[in-house]
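These notes concern the structure reproduced below.
Just so it is clear, A, B, C, D, E and F label the chains in written order, and each chain counts residues from 1 on its own.
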Amino acid sequence: MSATTVTPGKKLGSIQEYEVGPGTYMRNNYIYSSTVGDIYIIKDVNKKLPCISVVKDKEQSAIPEVDSIVTGKIIRVNPKMATLAIMVVGNKPCKDDFQGIIRVQDVRSTEKDKVQIYRSFRPGDIVRARVISLGDRHSYYLTTAENELGVIFAQSISGETMIPISWQQMICPKTKVMEYRKCAKPN
Amino acid sequence: MSETTEFQPYAILPGETISLDKYKNDKDVIKIGPGLLHEKQQVTAIKAGTLKNHNNQKWWIDSSQRRYVPSLNEHVIGKIIAKTQDYFRVDIGSAHSALLSTLAFEGATKRNKPNLEIGALVYARVSLANKDMEPELECISATTGKANGFGELKDGFLIKCSLGLCRSLLNPNTPILTALGEHFAFETAVGMNGRVWINTPDISNTILLSNAIKNSEFLSAKEIKQMVKELVKQSEDDMEL
Amino acid sequence: MPGETIRADKRTSSQIRPISSVLSSLNRADGSASFSFGNSSVLCSVYGPQEVKIKDELLDRATIDVNITPQIGIGSTTEKNMERIVREAFSDVIISSLHPRTSISITVQITQDDGSIISTIINAVSLALIDAGIPLHSTLLSVTCAILNGEIILDPTNEEMKDASSIHVFAFSNTSNDIVSSESTGVFTEEEYFKCSDICKLAVSSVLKFVHTAIERKLQKEQKN
Amino acid sequence: MAEVSNKDSFVLDANTFAKLHPKEFYRKFLTNNIRPDGRLLKKFRKTSINLNSIKSAEGSCVLKMGKTSVVCGIKAEVAEPRVDDPRKGYIVPNVELSPICSSLFKPGPPGELAQSISERIDKLFKQCKIIDLDKLCISEKNAVWVLYVDVICISYDGNIFDAALFSIISALKNLKLPEVTFIEEEGKVEASEEKTISLELLSTPLSATYVVFDKKYILADPNEEEENLSSTSLTFIYNEQHKLCGISKLGGIPLSKELIQDCTESAIERTDNLRQLLDSTMKNL
Amino acid sequence: MALISPSEKDFITKGIEADMRNDGRSRIAYRDFTIETGIVSQASGSCRLRLSKTDVLIGVKVEIGDIISNTTSDNNNEQEQDIVNNQNESDKGRIVCSVECSPSASRDFEGKGANDINNELSQIMNRVLNGPQGGIDLKSLCIIPGAQCWIIYVDVLVLDYDGNLLDTIFLATRAALQNTRIPKTEIQDIGNGQLEFDISDDIEDAEKIKGWEDVPVTVSLNKIGQKYIVDATAMEELCTDTKIIIAVNRNGEICAMQKSLYGSLNPSLLTEMIRTAKDIGKVLIKNLDTTLEHEQVMASRANNKKFGFFI
Amino acid sequence: MDKRRINGPEISVKPIEKKSTQPKNNKDDGIRKNNRSVDNIRPIFIKPNVIKKANGSAYYEAENIKIICGVYGPRSSKRSMVSDEGTIYCEFKFAPFSCNKRCGYIRNAQEREYSLIIQQAFLPAIRLNLYPKSSIDIYVTVLENDGTTACLAAAITCISIALTDAGIQMYDLVAAASATCIKGNICLDPDASEENDTNSKFMLSYMPSLKQVTHVLCTGKMEAEQSIEAIGICIDACNSIKTVMDHCLINSH
């Protein structure tokens, strides 16, 4: 049993003592814990008060927030946009897939209007993108207009894993057939 | 085009393998067309029909079905089902409705766009067809960029029939169209997606022609000539009434 | 085989009832066929590849859905179980990767049920798929057999199935002689099961010959000119 | 064009790789004959049962098979028998796959899987004599027992048919029906509090299920992920005299006779283990 | 849900904190109401009640039904089935209420939203009126124990809505039950233990429902900010985060209590609410009875002709 | 005739209990038949994380009450309205074999009402502003029912554990207690037989450390002061239940 494990609703201290961190909340100038987990007090040099947070060990499913990097599989493509099933948020896989859309003007930063969607994505490709807004009822809005974002895994027609050779081309090692994709820069 | 030989036995069922190695002479490559699948060094049939080949190089299964699967550069007749700012949605009888960009017309520019009403018929060429995408159409020919026949089909009458019949109508030496041509003046457009458009000044002729075309599917050349003669006689009696 | 028992309807134990089938009997469906073993007859129609509802859409292949309506009334759990058997049997036969994000819907109406109805349905669906020109890896055909007081009888009627000790439905394809789909109920031993599967394989090859001639006759009618 | 080394340019950690490429993830394990959850290919998951824990039901069994857990409860009520067989009682098996056990199932009426399993269990009761329905007769033509056998799935992790069948058989085996007398004039049935009679089963059929992954690996007792990844499933139902009560091969890939035969020994062994487990749990009840 | 702008909400909340409401009422003051009873001829009893703009019409129909009706009786609505299920004695009648909000009353009653609200209101009415706390002597409704009994169907139609719907419904129901007449029944014993009954259909000797005076009325207390108000208007209801419904009968006993909406409240405020509800409830019942008597007197003076419906 | 399930006979009835000849030994010295003390709550056992596919789940057992609850979410909500705050959806169901009289498969009015009550009890406790556009789906199945109001209170306690197990941020755990009035005394945690005898039911759900009542439900005739006394008793019960919940969460953490 680690030092102090707390359950939701436990009074941790007053707002004069600590800064509110993740897993805690403030109500009539007292700080309470909002999840079950261990208390971590991190001294932050440029802030005068230490920041208190409660961390739950069993990672629960994350949900996409604005600016978080998500990874997913393309499920549908049409000239206006590509639809993506978000399977991983950051590096935590989520239990149920969320739906995201990459609009044709968010595919890349250069020559936005000359983008042909089927030269950028194909159904079945694994794509890494960034959330730009919470979007509408069904899906989040995503963008791949950065070098590290785009297709990280694609299969050629013959079913081989293709290797990116430039930011917009991939090659199938077996049949040497070249296909167009908006590839992500390998890290 | 040299005649196509029919390969015995007569009918092929899906799953039957076809041995082509005795036709494979060393230099040229055997091409396999629709209805056949090349898997693990053997060719199997995936549709039922008769095996046809074109001087032993191109092999395919000739089968007739009713559902159209778009493929590149085929001429189709579609009906406009929706209009948006920069493209029309066209129903061509395939799984997904096709997209016809407003700029894909001869002489169309951002400002003067063709105005087609919803429900209008259009004769177009398939410009993009792959299984992952919705098919796209163009009303300009691939080579000349001119319309040459593409664009809206005004009035006339549209009939739906099987793909096999449409393919045979496009084949010049099928008797039906030439036989009818001798007696009636009519204008027609045949789409590979099982749709035929017929236009004559006189409505009764149009109906007569469309029935003739539909019945001609299972008739031999002789029976077609006989049928056309009767139709001509019958239409002359109506004239006298 | 001498001394073979003759059944109620004068058939020997390894004799199938007369088969009859009509192709493209419906003009609005993309493909349709009716098939019957004696009085068990079924009408099947196929629509597709066509638009699919967003919630059933699969990104890399076509969604196959099967709908069976019984002779009288609306489908109950028995029909739902048959739908699952038929859909799973055809899941690998249909090359669904050629038409991703579409739906192939198979509708079956049981016009008369007099025994071995699942086999009749599988054969009717195969013929309807062929008629619709849906790409198929192979032609799947099926025959039912039952063990009635110790003896294996082919293509049992409802009466025979009632007092049979076990009923076996087998489906084979024309590309491999392994069992594609099999559904056996009742009490039986392993040897009986494999004996039944061999007998059914023989019967299926004779059904395959019938289907072959049926398709050939239809093609000859079409290739007149 | 520069030849690029084909090292996987994107290093993904284990569980992201499992989420994005489930099939390759499994192949990497199966090539050396082990499964991601540590079991050998032919190994069944640990099974435990807990009998008669629900007092409101006449017979009940809570079953855990790995992460799949189901609760089977039997309620006995009285009804008039059918006209054509006045001595026969009813047995009404139903499997509920409610949204509580997995996100696969939506609220509303039972889906195809639940209906097909209920149908297969109902057919099993009809075709192989598990209970003698005449024993359920209270008084001919006026009152018979109706056994409502309801299986509620608590946590769905694949192979729900084996779990449901085993929980039904164990619940039936220690069913406690109250002793009843039929009162002529009021046409009612009166149950006495204390004395209960139990029902002896003519045969105890139990099942073992396998799935075929990638046409060559046969996995016993698949969990939910293995069920999704493989297209062919094979279920054997054996009774206590090692006679088959049902074989069901669903799905596309054709299976040769040898493959089927090599599953039957392990199926017989599995169903015998389950019977021993049931008897030992009943002994130290 | 109808929407309210944050500034409006803030204005109302501040007002209530300072014990001032838009229409000048104090926090525990009720709007006055007008009643007309006996206005629907076919019903056994009826009443229309308007609490300023909230307008409700109640029709009470008394019918004969069988007591244990777990067989599929013809109008097998679910509500009735539930009342039968949890009423296990076999010598009691029952009361079946159903509320119908007509979409003309307010935008919230359109489409799916309507039947959620209808279900909730009917459920509360059924729970309060059936059982000893409902005040009505259910045993008196029984004709032949174990077989036939009187069933009182209370049908509520909401014509217009300006907040505090439930209190209006209960006031109107109590008035309608007071106005209801049950035809007289004679029971003959036709030998071999079978009982027979017939109903005399002249109006004179139809009696009142026994125990209608003990029927409770509800007081809805809406917590806004840290204070609570009674008889909230539609606008005030939009600023409420917690609503407590307390049913009180004429001698101040609590017959039912239920919280709704999304907020929470501390126990001391809850106990204060219960005490205020008790007093307000008693006062409310008293002046409901005085208005009914007053209407009786007015009606007898104008020799029983009732007019003025829909003015 | 439900076409989607296996159907038994049209009507089936429970056999009537023969009035057992020898009288039950109800020497009623104590107020309650099963001589539990007035403020006795049946011993509670809670075990989190029992459903693999659920984000969070919990199993609750108190002698003859057995409840299983699964929490799915936060996940994209199919329900129409877009809101910058998360929503809660709850489905409460009695298993067919859970009550004395067999319950049907389709949720009846009482189960729909309990689902609504649970939703209203948890709305003040969950930090919904952290889960915009998502919905938290709570599914409760009662496996064995010994007192319907006690089951409702047990379900609320069990859901708090499941929500925390799912990692959903909450202002405070929600504990709930039920009570009834027997011979003028307020008795806690009534079982089925006690509930049938009296018609009064009382249920209160409470956030112990924020000291806020999130839901109260009461039927049956009670003096005003008595209901206030009942509220006090239930709040003390909720505080003691909270200690059990804390203990269970910290152990399984």
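Here, a residue touches a chain if its C-beta (ideal position, glycine included) is under 8 Å from a C-beta of that chain, and two chains touch if they have at least 3 such contacts.
Everything numeric here is computed off the predicted structure, so don't read it as measured data.
Enquirer: Applying the touch definition from the top, give me the chains sitting in contact with each of subunit B and subunit E.
Expert: Touches both subunit B and subunit E: nothing.
Enquirer: Using the touch rule from the top, point out the two chains with the most contacting C-beta pairs.
Expert: D-F
Enquirer: With centres defined by CA atoms only, which chain is the most remote from subunit E?
Expert: B
Enquirer: Suppose every chain is reduced to the average of its Cα atoms; which one is closest to the average of all protein Cα atoms?
Expert: D
Enquirer: Name the chain whose C-alpha centroid is most distant from the C-alpha centroid of subunit F.
Expert: In terms of C-alpha centroids, the chain at the greatest distance from subunit F is B.
Enquirer: Using CA atom averages as chain centres, what separation in Å is found between subunit D and subunit E?
Expert: 50
Enquirer: If you average the Cα atoms of subunit E and of subunit F to get two centres, how far apart are those centres in Å?
Expert: From the centre of subunit E to the centre of subunit F is 28 Å.
Enquirer: If you average the CA atoms of subunit A and of subunit F, how many Å lie between those two points?
Expert: That gives a centre separation of 37 Å.
Enquirer: Touching two or more other chains, which residues of subunit E qualify?
Expert: none
Enquirer: Quick check on subunit B: which residues sit in contact with 2+ other chains?
Expert: 132, in rising order.
Enquirer: Could you list the positions in subunit F whose residues touch two or more of the other chains?
Expert: If we look for residues of subunit F contacting two or more partner chains, we find 4-6, 11, 53, 72, 75, 207, 210.
Enquirer: Please give all chain pairs that are in touch with each other.
Expert: Every pair of chains in contact is listed here: A-B, A-C, A-D, A-F, B-C, C-D, C-F, D-F, E-F.
Enquirer: Residues of subunit F touching subunit C in their complex?
Expert: Spelled out, the residues of subunit F in touch with subunit C are 3-6.
Enquirer: Which stretch or stretches of subunit D touch subunit F in the complex?
Expert: That would be residues 53-57, 60, 67, 69, 71, 73-75, 77-80, 82, 90, 92-94, 96, 98-104, 107, 109-110, 115, 118-119, 122, 146, 148, 150, 152, 154-157, 178, 180, 188-194, 224 of subunit D.
Enquirer: Using the touch definition from the top, list the residues of subunit F that touch subunit A in their complex.
Expert: 49, 53, 55-56, 72, 74-76, 80, 82, 127, 131-134, 164-173, 207-210, 245-246, 249-250, 253
Enquirer: Show which residues of subunit C lie in contact with subunit B when the two form their complex.
Expert: Touching subunit B: residues 30-31, 48-51, 95, 98-102, 130-133, 135-139, 173-175, 208, 211-212, 215-216, 219-225 of subunit C.
Enquirer: Can you tell me which positions in subunit D touch subunit A when the two form their complex?
Expert: The contact residues of subunit D facing subunit A are 1-2, 4, 6, 9-10, 13, 15-16, 18-21, 103.
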